[in-house]
Each structure stands twice: as structure tokens, then as C-alpha cells.
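Consider the two complexes below, in which subunit A is the common component and subunit B and subunit C are the respective partners.
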Partner chain A sequence: MTEDVIRLLTPEGERIEHPDYPLEVDADLLRRLYRDIVLTRRTDVESTALQRTGELGLWCPVLGQEGIQVGAGHAMRPTDYGFTTYREVGIFQVRGVDPVELLHLYRGVTHSSWDPRRVGLGIFTIVIGSHALHSVGYAMGIQRDGADEAVLSCFGDGATSTGDVHEAMVFAAAFNAPVVFLVQNNQWAISVPVTRQARAPLATRAAGYGIPSVRIDGNDVLAGLAVTRTLLDRAREGGGPAFIEAVTYRRGPHTTSDDPTRYRDEAELDHWASLDPLDRLRRHMERVGALDPEFVAAVDAEADALGELLRETIRGMEAPDPLRMFEHVYAEPHRQVTADRAAMADYLATVETS
Partner chain B sequence: MSVREFPLPDVGEGLTEAEIVGWRISVGDEIAVNQPIVDIETAKAVVELPSPFTGRVTALLVAPGAVVPVGTPILAVEVSDREPVLVGYGVGHEQGRRRRLRGANAPQQGGAGRVESAAPQQEVTRLVPPGKPMAKPPVRALARELGVDLSRVTPTGSHGDITRDDVRRAASGNASSPAPIAARPVRGERVPVRSVQRQMAQAMVRSMTTAPHVTEWVDVDVSATMALVKRLRAEPEFADARVTPLTIAASAVIHAIRRTPIVNSSWVDLPDGSAEIELYPFVNLGLAVASPRGLVVPNVRDAGSLSLSGLARAITEVTERAREGRLTPSDSVEGTITVTNIGVFGVDGGTPILNPGEAAILATGRIVERPWAVDGALAVRPVMQLSLAFDHRVVDGASGSAFLADVAAYLHRPPH
Partner chain C sequence: MTSMTPTTSMTPTTSMTMVQALNAGLRRAMEGDPKVLLMGEDIGPLGGVFRVTDGLQKDFGEDRVIDAPLAESGIVGTAVGLAMRGYRPVLEIQFDGFVFPAFDQIVTMVAKHHYRSAGITRMPIVIRIPYGGGIGAVEHHSESPEAYFAHTPGLRVLTPADAAEAYVTIQQAIASDDPVVYFEPKRRYWDRAEVDEVSPISGSPWTSRVLRRGSDVTLVAYGPMVRTILEAADAAAEDGVECSVIDLRSLSPLDLDPVVADVQSTGRCIVVHEAPVMLGVGAEIAAEVTRRCFFHLEAPVERVGGAYIPYPPNRFEQHYLPDVDRVLDAIDRVTAV
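Up next is the complex of A and B:
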């Protein structure tokens, strides 16, 4: 991959400077990034296991993409707002959302349980690319409020083929909206390789909208942080939208229902495993002496506790009353919903729970 | 101490069953939470299941190869009672709550030969009362439109539901004609057709319905091949390969293609109705392998460029990976000609079906000592039968026969 990408850490963990994207890095920042990647990965591993033991209906693995997600999460200010797909576990980790909250949706308990206004992140969006429009709408609202905020809009390579993303970019450019589009190009839209959807690098598409773009190494957490932060700052200051293509790789299945061995080679997987974002950060921290054994042990213990918490909480989670789903469709009573609710209640009266 | 059971989960959004491919643990093993314990194959994928418990395995409740419904206990683990019972995971929780119709008869299916089971079996919730025809709303709409009474229609849908075609048949007065497949009474055990087998079935039907097959046979005295195999096995160059008569047969095929390249080609239908024959300048030699998951046909890339030892190694490598179920999708695409060794099953010959898109396939039979006339006298010789099937759109009888004769001549007198 990735010879023409911006990178601040080589795969060997060596720090390199980029004139456009300076970044002050100290041991404390490195440790926070490390912790967030480790905990993101644990949430991912544990959730996959919970799905495989029948506790979750579905899970969308993150393995391999934690670098760009954690980097981008750290680039956001608390007042910024993010719209994400269903795979941005790393950003939620950085923004302090309890990982248990992410699993409500996948257990089918509720659509979303965090308060988007409090955490500054919208709900997991399943419909591919639709939230690119929400992102631009929110960013246009920021303009009208005169607020000192920006929007991070996260989607994948597959979403760039949708009409919604096209419309979003047209509007973002037309209104000079303070939004940064962050595409995690993980090479595969389920079983369709990115090379089938795009004959040129995705980043080059942005030029057609008049939106500046960059292509970065998505497995380099420092590049993810520096580039996203620079472009969010630029958007906040009235510089308008920007487009980041983070070149990375989904090493797991698209979802737990997918079998990637049917469409891709093990050699490809091995190649990307050698570019693992956590290994890269670890090597760098070893080089600069920021990775002492006590710290590593403490993070590992924290990850173990997180795993146990997820297991226990999810297994104990009760199924909601089926009639609850009718309660928040409209703010006020609605004739059709009332009728649907009554029909469901009638049906439930004919079945018993064993 | 208490024993917990692990019911087979639905790992793929609405699956109803899975096949146990193989256990990674044995009775008596101490296992930990999240340790991989078993591989299962669903209609969607082969996946590895982790253990939900820490403890000692007391029983593997389902044997490899068995297909069991979701919810069937597959594993029993003795766990320490000193460990905190996971919240909501103790007695009474089981596999979540399920609903059934009040008063409905709820038979408890035995799971894979088990008599008692702690967790209730999965049941199908009947949303439609017995006797009422099942049909999806668009089908009901069609029936209304065509004035068809659904209760008089024979359903052929996979779930016993009425399809659009059923309604149309009924509307055209054919309702009483015997409905296909689903209406056939079940007299034996029905086994679902799964991924590899389904792919095989589709490939075979496609091949047989598009390519006119011709099969030719020849018997060949393989004394010299047997001697060569024996000699090569002792050579250091062949130390890391499994040399067999199949190795020499593969080499014979590559050799014979040089004189009759038309067998290493494809018939290509063009969108305008015309056709072309694509001749390949390389040989991607397919090998039909009986793998645990069924018939697979990986190929050795550019086999013609390999030395005999290189060919032997490549065949060994790809067949081993096939048998271990470690093939990747790219192993089985873009083959140009195939060899299938049916002799390993103890038979002499057959009429092989072409791998779709290819023009020829050679079957090698068993090698058996037979009376054989040599220089006017009777001798006992190891004899193998070769069966060659070819696509008669591409290959004519003269070319097919020349190719087969060349393969036979090579095996009779290998030039090594």
C-alpha cells in the first residue's frame, strides 16, 4: 500500500516529521493513546466472543482500524461533534462512552443508549453513508449559530460510492461547512475490494468538489491525530471542509455474519498484521522509553476488568418490554402508532413466555 | 461444583442450525473463558466459538459432522461454585426468553441423541394457525388480483409457504398438477445441502448443461512409471515432496498439452451470440481433492514452468492444504485443465465432468496387476486406466484421442 501517504511513525515505530502536520508528543500523550487502543481492542475481542456465545445478535469487528480511530478521537475537542458508522469503537473509547452502551444495539435491547448531546457523538448509523448528510447539516447549523465547533464525519470506502456522500460533499463545499470527512479505507466493502469501486485513490475524488484532501497512513495513530486535528482547527476557523482518506485494513470479518476467507487471501491478512497500529505505537514507545512494565501491566489489568464487566453486564441484560418500541416514535400521540401498539399488545396476549 | 451447558448460539443473524465441524477440546480439559473450543459451519460461514465458561469439560454433547438446531446444548462444563455466578447467567436464565402460543403443543426435540437436556430446545413460533395457508403479503395480493383461493393452492415454498408461481399455476387451472419438489412426501431423512456441496452441485449442473461431454478410455501398462516413482522417492531433490503415479500423470498431461494445446482452453460465449475459443499459454493444473468439506479443485499455477520436483512439491502442498481445509479462494479459480485421481477410491475409470470453463479433465484409475500381452506372450503388468472427458465444442475426436494417447505413452515410457 501506502507509499504516498502521510505518516509520522514508520511501521518500525520511528518518528518522522511532516512540515504541514507538526505534532507535539510527550510520554503522557503516548500512554493515553496506547491505553485507548488496548481498551478498544479489548472491547472488540470481548464483543466478538459475546456474539459467538449467543449474547449479541451481531458485532462489527474493529481489529486493524484502532489507530486512525483513536487518533481522530483525540483530535476532536469536547465541543466538536462526530457522526459515525457502527464500527467507530475507538472514537467512542476516546470520548469516554461506556463500552457497555455500544452493545445495547447489538443485543437488540435499544437503538442507542448514550446521550448524543452529552458525548458529542450521534448514534451508530447502520445505513451506509446517510450520516454524511447529517454531518453537513449539523456543520451548517454550527455556522448559523456562530459556534466555535467542527464536525467529524466518519464513513468507510464503500460509503463513498453512495449518493448521500456525494450530496453531502456538494453541500459541504457549497456552504463552506466546518466538517472534516474521515474515510477509513479498510480495503473491503464487505466482499467488494476498494479497487473495484475506485479507479483512483479515494482522496483524489475530493478535488472534484473543491474540497482539499489528504491521504494518510491509517495505522499510524500520530498521523491520524495530527492531520485530523489540523483540519478540524482549519474548519473551526472558517477554512471549510476537508477530506481525509485513512488507508487501513479491516483484519476481521465485515460483521460476525461474514466469512472473509471466501473473498480474500491469507497473505493479504499477514501483510496488514505486520502493519498493526498497536505494535507500531508500542515500538515507538519502547524507542523513547515511554513504555514501562508497570504501565503495561496496569493497562492490561484495566482491559481484563473491562472484559469481565462487559461479559457480566451483557449476560445480565434483560430484554425490554416489546411495547416500549412504540413509545418514542413521535413526541405526541399518533393514530397509526397507537393502532400498531394495540395490535402488538393483542398479539402478545396470544403468546406466553417460557 | 456445578455443570453448565453451552447451547449452540445463532452466530449469523437468524440462522436456525449449524454443523459441528470439529472440537478443539476434549473431555477432562480445563478451559478458560473465551478460549476457542469448537468450529462450526453455518449456511454463512465456518466460525470458531469461544467458551463462555471457565472450568473442566465434562461432555462434548454433539459429535463432529452432526447438524443441530440453534439452542441445542453442545458442551457441558463443570465450573467452580466459588466463582461468582455471572449475573443473569444462573438457573432460570437459559437461552433468553422465548415465546410460544398459549396451549400450543411444545414437543421437546432430543438434541443429537441426548435423552435429557437442561436447556429447552428452540421452537418455531407459529404465527399462522394450523390449516391457514401461509403466503407473504405480495403473494396474497396477487391471489386477490387473480381471484385465487389460497386455501386451495398447493404450497411449494421452502417453508411450506405459497409462492407467486403457485398462485399463477392455480389461476391458470393447473392447481391440481403435481407440484414439484416440496410437495414430494418425505420418506427418508432430508439432509440440507451446504456450502461446498452446493457449489459442487451448481458447478456440475452448469458444466453438464453447457458443455457436450465426450469420454474416452485407454488402459496403459505403467511398469516404467512405477519404477520411476520408486527411483524418484529415493532422490534427495524429491525429499520434501510426495511422489506418486499422480505426479507422473500430471507431468504427462503438461507434456501432452504441448502437442495438443486445444485441450488447454475455454469455450467463451460472447454477448453478441458468437463464440471464441481461448487458448492458454500456461497450464493451471487443477486437482480434484476430496476435502473434509467436500469436493474442491485447487490448481497449481503455471504448472508447465515447473521442474518435475517442483511440480511434485506444488501438488503435495496444494493437496495437503485442501485436505486440511486451508485453501484460499484464489487457489480454486482460473484453472485451465484438471486431473482427478479416482483410483484412490479403488475404481478403474469413469466419465468425469468438466470443471466449468475448462475443455478437458483426465481421470486416473487404480493401478492393478493384470494379464497383459507383451511381445506375443502373456505377462503380469501393473495397469492403469485413463478416462478423458472433453468439451466437444472445443476439442474434436482426433485431438482428444491424440492427447489421451500421448498421456498414455508418457506413462508407459516416462522420459525421466
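Up next is the complex of A and C:
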């Protein structure tokens, strides 16, 4: 674990203050953070199980990264907008994405999982780094609207090598766009270590664009909340873009198709497991007396209900109507799509009647 | 509505180059909708390298006519975000050969976003690309990459053949709720036509235009080659061969009904474009015309276009580009059968 990071909770759960990132914390906030991490983790575990039993085509585990995600999610105002990767399950949880809808994508019946207007999150793209540019463009729109809003743009350590992330930083700086880049450095881009992406800490790249940056403990939910909130506030007030590198670790595989035993030392896991974001928050809540057994039991029961809901709903899903694949290619009718849809309908009718 | 329709003395028109017509069309679109904004390289004080945006930043301000950093993926990618926010970005890619850094954003994001979002998020983005050869330019400034984009579901592809068309269809492209790749035939930028700025915009741009009727051969082209096949039809008529001339105008969607109807009458079809013939737009047209006109054809469908080579140095382009003589040569082939 690197030591040159901003931290508001020690791994032992002791609260420490940082002069630049003050944070008022009460028991209610701690409980909301705790609940969101527990529910995120349950969505993660259940989804992996559903993939293993053939109900989902794929899943992207989030274990280990819930601290920064839930912290950053709570830092956003409802009117702010976010762009994420597929792994930001903690942010999905905080923003109110329906976990069942989330799994529709992995079930293979949709390409996206939610209505962006309802949750204030763009649908995620699987092409790495592309959405960094969308974030900046959206932020340029906020500027033109004169709106009191900001954008949180999440990507990973691998994405920092892409040209689109570079161009996003250039545009954000050139137009002073109200966007906060949040890089979760989880140490691995599938099998490639972060040392293959960069020889200096990722946060140091921002200086070249004239964008201020900070490096934080990504397993500290309070640091994630305080730093992201401060920088989103700054962006909203016209201070321009900022860059956060949250140092964390992906303890699971990249996806359910991955086999991390082929490329990394499993001993790393013991170290990072000792820095688990939920354990850390739990220790802190015990210290301050915010973790009473009734609350813990209630959250556990809620997580059990969520797991059951996911299992029952996904297992019960019927195959989609084949003609639905022709919907929404265009906003307005298109001759070739119309013709291909009609041909498919005719063919299906032949098959069904024969 | 088309440039080929003789204007009556009652309709005031203005003689304009295609550059001027595009400029006037952009101006009118910006006046009509505050969400329309322009972004590209050198489109501000310079007015674009071809001056299509001349004077627009001065009149609409830097927030609506945005000089972008030199990064094509950045231009298209930020436009996606602006569209999500409710804007209607009109982008200028400086030259055809410079669109490829943005290819991922166009094909992966712009084209698919409406589909991926189950119809919730529209991408009313216009990507203007000066394309084609014939101006003696250096490498990467004369290409015809339209087939890549027409092959990508989710995009619409338009290309005007003359100034009057450009004035109307650029506004229709901007009004479309779908993304439009708008290919401007740069060798025709300085051709003049009478432009009607008074009549309301009407008609669908997603249709082919029959510009001339003839009984012997159907000539089909789009963009820069429309003038070429019109001239070829004139020359053929002197030899007693009467040609129909059809401007496809839209490459996605493709409106082949007028082509099919005409070929069912002539029995002969020639498709002309600058892009390589191999797997080009002409291949789709030849296949569909053959399928739908099989028992009417008197000769195989001919394609006249670029060789399967990269665009050559400009001292070769008079041989690379289809011209009137090569079209006449193809007419000879199909009428000799």
C-alpha cells in the first residue's frame, strides 16, 4: 500500500483529518455508506453466482473497489452527471440504478441498463476510455447552459494509456470544463500491471495539462467522499477540471471469463484483503458506536432480499422477441432497417408455420 | 426543389458557390435553433480551410462556433457529450483523410448510441467531411471513404451534388435526430448554382433524384460524379444514346426504387464513383439492381470508379478519377451487348 495518498480513515478505522479535505461525519452518513457498500457487494456476489450457473453471459466483479466508488457516488449532487465503466457497481448503487435492470445487459437482452435521465449516469461503454470525451462534452454543455452542475468521469488505470483520455484532458483544460476525472488505479488492466501503463504515478500526468490532481486511498470511503465532493464543488464554481487517482485493488478477476492466477501473485490478495474498505468502515463505526447489531441485521436482511430478487428475476426471464433487435437503430424510419425487419418477420412466420 | 428544376421568374434566387451555399445553410440553421453549434479545427477566425464557416464565429460567438484543439476523436467524442446534453453539434473534419482518428467515436459511439440506449438518447450530430479528389492536393486530402460509413448501421450518409442541394440538405441533416455523415464534394465547392433561400425547406433528403430521363442507359452517381455523368449523358446523346441520370444523394438510407424502375425500362445500368470499385457503394447497387431487374437487363451492371489502390499522387489523378470519357467507354460496353 502506497503511503503518499490522502486518507481520512486508517486501515484500523481511525479517523484522521486533512486540512484540504474537511468532512463532517455523523452516524447517519456512516450507516448510509455502510449500507451501500454491503448492497454493492451483494449485487457483485449474486451476479458472479448467476454467471457461474449460466444465467448471465458475463459479470465484472468489483470486490475491493467499493470504497472509492460509494464515496464518490455520495459526493455527487443529484443534478450532477456521471460517466462510468462497467465496474462502477458502487456508483450504480448510490445513484439508484435498479440492480435487476443492471443485469439485463449481462443477460444479453439489452446493450444498456438504465434510463440516464433518471439516475444521472450515462450508459457505460465497454470500449476503454471513450467516455472520457463524452464527459468533457457534457461538461461543455453545462457551461453553455450556465447550469450549477458538474461531471464525474470514471475510468481505470488502463484507460489512461488511450488517446481518448489524453484528448479528454486536453479539451477539459482548454475549455475549463466542469469535470472531475476519477481514475481507479486497481493495479491491473486484465493481466497487464499498471507499471506497463505508466512509469510515474498516474496522478502526475495531470500536471502536463495544467489540471490539478490528487492521489487518494481508494479503500477509504471517507477520503473518496471528501476529495471528490471538494473537487466537484470547485468545478461547479468555475474552477475547472481536476484529476483524482484512487489507489485501490481489484481483488476479483477482471471478468468472470478471466483467470488471474495466470498473471498475478495470489499473495497480493492477502495484503489487499487486509485493507478491505468495508472492514475499515466497520472498524471505524465500531470505534464511534455507530454499528449497532439491529442496524447490521437490517442491512443484512436487505442484502438477502436483494440477492433473492436478483436470482428469481433473472432466472425467470424469457427470451426477447427477435424482432425487437430492429428497434431504435435510428430515431426516424430508415428504408434498409425497415426492409430487413420485414424480411425477418416473413422468415420467422415461415419457420413457425412449417 | 432540386437544382435541376428551372426556377420561375417569381422565385428570387441567388447565384452561389457550394461553399457559399453551405455557409448560408449553416447560418440559417444556427439562427433557427440555439442548440445548433459548430466545432472543428480552424473554423473560427479563419472560417475553415475552405471558408465554409466564414464569418459565423463573429456573428454567433465562440461558444457556438468552437475552434477545437487539433484532435478529431476529441471533436467527435465531445460532440457525443454535447448531444447527450441536448445540443446539436455540427462538426467539421478538415479533410477526408483526417476522419480516421475519429473513426472509433463515429462507428462505436455516434452510430450506436441511440440503439444502445434503447432509443432514450438521440445523437443529432452532423459530421461534415470535404471529400474526393480532383484538386491537385497532397496525400490524405483526396479520399472517398463514404462506403465505411454507409456500411455502419446507425449513421445516415448524405452527399450534395451542387450548391442548391447543399443549401437545403445541410439544413435537413442538422434537423435530423439521427447522426449524419455529410460528405461535401470539394472539387465542386466552387461550382455555382442558383440557390433558393426564400422557399421553405421541403422534400426528403433520403431519396434519389432523377435528373434526366433516357431510354437506353441508366447512369447512377452521387456527390462529385453527378456533374460528370450529366456531362457524359450530354456527350452520349450526341451519339444517339439516351441516358437517364440519377443522383443517389443519400447513401444511407439508399433509395434504389427510382434506379430499379429506370433500369427496368433501359435494361442497362452504370454506377460511377471516385472510391475504389472493389466493395464500394457501387457493389451494393449492382447487386440490388441485378436482383431486382434480372429479367430486364440487357447487359451486366457496370461500375466505373477508382482502382484498388490508395489515392495516388496528384499527377496521376486525371487517370485515377472517373471522367466523361471513362463513363462513355462504359456506355459503349453496355450498349455493345
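Note that the second predicted complex is superposed on the first by the 338 of 354 C-alpha atoms of A that agree within 3 Å, B and C clash if a C-alpha of one lies under 4 Å from a C-alpha of the other, contacts with A are read in each partner's own complex, and residues count from 1 in each chain.
The definition used in the following text is that a contact is a pair of C-beta atoms (placed from the backbone, for glycine too) under 8 Å apart; a residue touches a chain by one contact, two chains touch by 3 or more.
Because the structure is predicted, anything quoted here is derived from the model rather than measured.
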item	value
Superposition on subunit A - do subunit B and subunit C clash or fit	fit
Subunit B versus subunit C as contact partner of A:198, first or second or both or neither	neither
Touched partner set for A:256, first subunit B, second subunit C, both or neither	first
Touching partner for A:336 - first (subunit B), second (subunit C), both, neither	second
Which of subunit B and subunit C A:51 touches, first, second, both or neither	first
Subunit B versus subunit C as contact partner of A:163, first or second or both or neither	second
Partner chain(s) touched by A:315 [first = subunit B, second = subunit C, both, neither]	first
Superposition-derived minimum Cα distance between subunit C and subunit B (Å)	10
Intersection of subunit A interface sets (partners subunit B, subunit C)	none
Complex contact set, residues of subunit A against subunit B	45-46, 49, 51-55, 57-58, 253, 256-259, 261-266, 307, 311-313, 315-319, 348, 350-354
List of subunit C residues in touch with subunit A within their complex	37, 63, 68-69, 71, 73-74, 76-87, 101, 104-105, 108-109, 112, 114-122, 153-154, 156, 176-178, 206, 252-255
Residue numbers on subunit A that touch subunit C, as the complex places them	110-112, 115-117, 122-123, 125, 127, 130, 132-145, 163-164, 167-168, 170-171, 174, 327-332, 334-337
Residues on subunit B engaged by subunit A in the complex (per definition of touch)	6-13, 33-34, 44-52, 86-89, 93, 95-102, 106, 120, 125, 328-330
